[in-house]
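Pasting a structure below so you can have a look.
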């Protein structure tokens, strides 16, 4: 069968991913990278299910979203990190009265090739990990071409 | 007027949708498909507001997200289903102390043409349906061309 | 360096944005526009960080998402408004037992050029604004070409 639109397919091979966890996670006494073992869609392996890192295959604008479910007995802090920079976060307090908490966040991010994006579970917090409720998704929205100026403000 | 970019417009005609409900829903004593009657954007009728089914018009990578609001007196389970397979879910416990619960989830999904995606409300759970708070959105991110191999892992 | 794909880059210049707040917000005794001062990504300045308005640079299908964190002592109502029309909303009750609330929503919207989209905090409600937890993102998914008919239902 003929392959049409080859360029956009190669881009796809490298950049679309979606992932979710499959076990209870935390609390730990230190910040911990969330690693999603069960991948719904990870064309091209941009997401590494051994390290939990999404590595940008090309420079571009990416959209990331994450959602968690967590028991209420511990607080929750889930941070989306770009390299070593905190980008967005979702957190909740512990409570003895509310059995569970849900949260999430999303962001558009301009990434350079090889930038790394991952989720970090805060020290002494927990999420309920299984392969459907605590999830992490991301995709390349538009590729950027080197040498162009963008007005970032 | 001339139609430019005809291919991408035809794709749009068939695949972009967004929807939301407009009535209180559940609890029922069995799993129930959520049907969103009020559509903000449903170009090409990929979403059927009589059956609640989104039918993929073409093979591709799709992004889906949903959000709910629900009274705290009953638990909540909202599952995103592809054909008969559970993909992602959001749920919450009942509570006598917290008046209401919010939740949601999102996923990237590789669909074949005619795959069906819908939301299922779990037995004995409820969501607060009105035309702005409990919502379901989805769009085609990239079309896939038959005959190509993708590394899905 | 050569600029490839010039059309899609110009589109990018005008339409991709992501934003988040950086201070505690509300409660006020009237509805108030949320203004996000810290922008993660706002290529082309479609989002005005002085007015809080996203102005559509071209007619098209846009995807918007927002997330908030809020203390439980006050209710929360965050509405996504298109011009003067309520599109989607997230809200929560006040509670003396649950320390904090998280919520959000998302929608696909067909916009005409110069349509304005923004978030409105409801009277007597509050969100916890800082530059990572309460966020607003949006992007142009597909540009529409004038003179085409779409089946909106």
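In order of appearance the chains are A, B and C, and numbering begins at 1 in each one.
Heads up, the rule we're going with is that a residue touches a chain if its C-beta (ideal position, glycine included) is under 8 Å from a C-beta of that chain, and two chains touch if they have at least 3 such contacts.
Treat the numbers as computed from the prediction; the structure is a model and nothing was measured.
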Item to complete: Could you draw the chains as nodes, link the ones that touch, and say if you get a line, ring, star, complete or other?
Response: complete
Item to complete: Since chain A and chain C are copies that touch, just let me know if over half of their interface numbering is common to both, same, or not, different.
Response: different
Discussion item. I'd like to verify one number: the distance from the centre of chain A to the centre of chain C, where each centre is the average of its C-alpha atoms, in whole angstrom.
Written reply: 20
Practice prompt. Scan chain C for residues touching two or more other chains and write them down.
Written response: 65, 97-98, 102, 104, 106
Worksheet item: Which residues of chain C touch chain B in their complex?
Response: 61, 63, 65, 79, 86-95, 97-98, 101-110, 141-148, 150-153
Worksheet item: Residues of chain A touching chain B in their complex?
Response: 1-5, 8-9, 12-13, 16-18, 20, 39-45, 49, 65, 67, 69, 97-100, 102, 104, 106, 132-133, 135, 137-139
